[in-house]
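In this document, chain identifiers A, B, C and D correspond to the written order of the chains, with residue numbering beginning at 1 in each.
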Amino acid sequence: MFHGIYTPIVTPFKRDEAIDYGKMQRNLEKWGKTDLDGIVVLGSNGEFVYLSHEEKLDLVKFTIDHFNRDKKIIVGTTYESTKETIRFSKEVADLGADGVLVLPPHYYKGGMKEALLYQYFIDVAEECPIPLMIYNMPGNTGINLSSSLIAKLSKHPNIVGIKDTSGNIVQLSEIGRDADKDFAVFAGNAGYLLPALTVGARGATLALANILPEDCCRLVALFKEGKIEEAKELQLKILEINHLVTSGFGVPALKVALDLLDYDGGEVRRPLQALSMDKIQLVEDALKRYGAIK
Amino acid sequence: MFHGIYTPIVTPFKRDEAIDYGKMQRNLEKWGKTDLDGIVVLGSNGEFVYLSHEEKLDLVKFTIDHFNRDKKIIVGTTYESTKETIRFSKEVADLGADGVLVLPPHYYKGGMKEALLYQYFIDVAEECPIPLMIYNMPGNTGINLSSSLIAKLSKHPNIVGIKDTSGNIVQLSEIGRDADKDFAVFAGNAGYLLPALTVGARGATLALANILPEDCCRLVALFKEGKIEEAKELQLKILEINHLVTSGFGVPALKVALDLLDYDGGEVRRPLQALSMDKIQLVEDALKRYGAIK
Amino acid sequence: MFHGIYTPIVTPFKRDEAIDYGKMQRNLEKWGKTDLDGIVVLGSNGEFVYLSHEEKLDLVKFTIDHFNRDKKIIVGTTYESTKETIRFSKEVADLGADGVLVLPPHYYKGGMKEALLYQYFIDVAEECPIPLMIYNMPGNTGINLSSSLIAKLSKHPNIVGIKDTSGNIVQLSEIGRDADKDFAVFAGNAGYLLPALTVGARGATLALANILPEDCCRLVALFKEGKIEEAKELQLKILEINHLVTSGFGVPALKVALDLLDYDGGEVRRPLQALSMDKIQLVEDALKRYGAIK
Amino acid sequence: MFHGIYTPIVTPFKRDEAIDYGKMQRNLEKWGKTDLDGIVVLGSNGEFVYLSHEEKLDLVKFTIDHFNRDKKIIVGTTYESTKETIRFSKEVADLGADGVLVLPPHYYKGGMKEALLYQYFIDVAEECPIPLMIYNMPGNTGINLSSSLIAKLSKHPNIVGIKDTSGNIVQLSEIGRDADKDFAVFAGNAGYLLPALTVGARGATLALANILPEDCCRLVALFKEGKIEEAKELQLKILEINHLVTSGFGVPALKVALDLLDYDGGEVRRPLQALSMDKIQLVEDALKRYGAIK
């Protein structure tokens, strides 16, 4: 079902924190002309946790209306409650989304045992009209989904893949080994794209692909062509800027990088804060060293 | 402003997951006749993360209409975004709440630096028409608010206290030492109520007070009367059942205990699951050993 | 068996990293004249991990020869292997020590299950000719000994107490509730001495008592006399300097503080490094604010 | 300097916990005939923490006398103190070892700042007569050595490589990118051998190579020949048994597997405990599924 490189797109805001649809449209048009296989709306990089339900619906509608429909659109539909996640998944299916990306519920960390998490995903998958991709993101949720849980969930016909942002390459390998044959394992961060491909990942959903979509796609191509040494060089080359726009300085840095690369990052929404001048400089320097700007 | 024993009340659901206002009303009437100083609506034990915004407003309205108005009502108004937290805080102030209880934003754990968290609370406190109490709950949020951050925030005239559920008694002592003189330090769990009182806590917000409100109040009274040995005996006595209904089995166990004690726990909302029969038995046995039921 | 205030004494080194027995002797004489109930040799503050077996034996011998024999001497005899811990415990018993303080083995963290840890302590206790005190120090070992494990171990006639440095006041309360009646629960850090006493601790082994032995003893006395408010004032007062010489800057700061207070801290052994000038100043300032120096 | 596949050999004990040199000799002879590039004596799998200094010296001497001298012998010489690590490193150099493998000191976790760790390794490297390999093993030490620290240390002419058992493939990639050109990056666990090779690892030190040395070597060969798909199949195939003999059941399981494969595992030393019968069965079943035994 899903394969290749996706990017979890940012949500540009205006100074008054309203969604900046002008910038949104321009970005969508640009990404639509790249080699990307698709995008994820309302992912972690889309600041989905800061949007009201109404804003989310508007944003999904707008995206579906303005993005290249030869590519896929996956929507992050996570809510803490099962019923709200189901409701929103149905809504985005009606709007025309190709799939949903769903985090485990995670507020009551101590109570989120595997049996409960299993049931949550099954309940959502049962009622969701479009394919469901699991989103494992322990850095933000504080909860890791084990490879054995994922393998069990992969048996459900409507659970078609996982975006694993744990960074645990052994876990990712085990999923590749144990999950259903058609299950799509996606790397969740460009820091380990090549290693993930070597152990069976079928694609990746990468914040970095917001700003360097072609290079992310090229790394996959090099791997497929067996050009491992070149793939390795590219993998090592992207590490620095990837670190800055993800675990380093996060979404504010990703938005700065978009601005520097003729995309439109826009503002962040509070509590996030704009990047300080010295950190903007670090991002700019890294992009220069990379060769993405002069 | 705030002192004494509060309880973060549960939200009873029906089998179809709708809020059970009949049970809600009966509980409110019973708590209203106890020695409790107040209640917290939409706290962690109220499954606030599983309620839609509309449900939250209805629940707050209902609580204010049906609870003994000689006691205080504090409302959990946390959203991940600053603007939604402000908006909801204003709404509950309009409805007549006495204060708000606010968690730090916590989804982007790596990005929640102290300067950002400080600004979040200041921004909310500035616009919130009623007193704000900070809610430190690292077990659920994955983020701890340091004593130095709390001390700084305590200088703001509208930030009046903290519910600290970290369980770190040194941190709680440091807050008592460094915070503004009028700042109310509240223990966040009955497991360390007496230790907290000895280092300056002015009260507590306790899940346990849902089911044993009078004993929680009595422990405070014993401490104030200098009956330390008796207070210690009571402190040790409550540990077992307190553990079961909090970090042990969580909200589902608290609801079972309410049912056993002639309150109305009601159902949980998914993804939470009803307690298994053997765990129900453990709760019942603990309540018997405690002497709360025969 | 054991009760009151103990201090885990530092091991002063010369510039060439040899043990400075002159300084050692002077400290022992001074501590011997205080109200301390005893000392711990080869505890964490004694840099025991940096001493060879021969040095350890010499140091224990020297301490027993030069310390006030009206007070107790407990020796840290932990080795990772059961047999070496037993051998060393026998050796120090022969030298005249009053008890041993034993950490759990902790190198293979993943493998140290409770059944294994239980067996380790039982095996050592069985062959150790003098009373054994358990040393729970998760900050250094990465392993926490649960209250239920401690309660089980407390049934062994030769396991007489625990120094709990976890800082988990609920766990400490549970041990007080569940352990054998004669089992001595000791707080392991002065940061929570008063809270520990209120839930049943019988004493404490405190790094802080290296430098402020009388105040540590006075806090216990105040508690026993029911002067809770005064005890609280003293508890809050000691927090700052206690933090600096323990989790703040560690043993190097404790040695600096000893020097400032007319004890003899001496040098640390590598890899530990002498405190930088600015940190020395912080320690000095804190001692001035405390009133310990002018 | 170092490259290829090494195995950290186990230390077989007799029932009375003495080192079983007969079994040791037989293993050494067998490993000596494999494709292994070398062995590590006194690594984590060698239970080095349970051996006295005298035993360590004897064991190193014996190994050097009985192992195929066309292959390398690296010795784990870690002590918590700088001076003891230096002393032991000199001793094993005198005995004829080819290199030393050194963990960071880790008892005082809070105090082990990067500047201190840097100095520790530099101090040891300066005085160690043979090449030093850094051993990053956060699972056991609780301390991770960052890629930037490793890069700095790699500039020292006598620090020639790292065994990284963190499992963090991004960190391993960063080391490959930033370290000195001749610096040898070794994977520390077979669970991510192929991913490590793709980002620049020059070899690996693998517990699994105790029992499956040829397959570990074959995986490297497949990678070098560009047979990525075959390498991937082998990588996925070894995951199960590798997990059981490392993070799953640890050294006791590794020794059982050795016995099953006509090596001589021998007993473990206390506090380690022999594997239970049901776990032995799990190991045996996994080896059968693997095809290593019938």
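The working rule: a residue touches a chain if its C-beta (ideal position, glycine included) is under 8 Å from a C-beta of that chain, and two chains touch if they have at least 3 such contacts.
Bear in mind that the values here come from a model prediction, so they are computed numbers and not experimental data.
Common neighbours of chain A and chain D: there are none. Inter-chain centre distance (chain A to chain C, centres taken as mean C-alpha positions): 50 Å. Chain C and chain D have Cα centroids lying 35 Å from one another. Contact with two or more other chains is made by no residue of chain D.
By the contact rule set out at the top, the touching chain pairs are A-B, A-D, B-C, C-D.
By the touch rule above, chain B contacts chain C in their complex via residues 167-170, 173-174, 176-177, 189, 191-192, 194-196, 198-200, 226, 228, 231-232, 235-236, 239, 243. Here chain B touches chain A in the complex through residues 17, 44, 49-53, 80-84, 105, 107-112, 115-117, 119-120, 123, 139-140, 142, 247, 249-252, 269-273, going by the rule given at the top.
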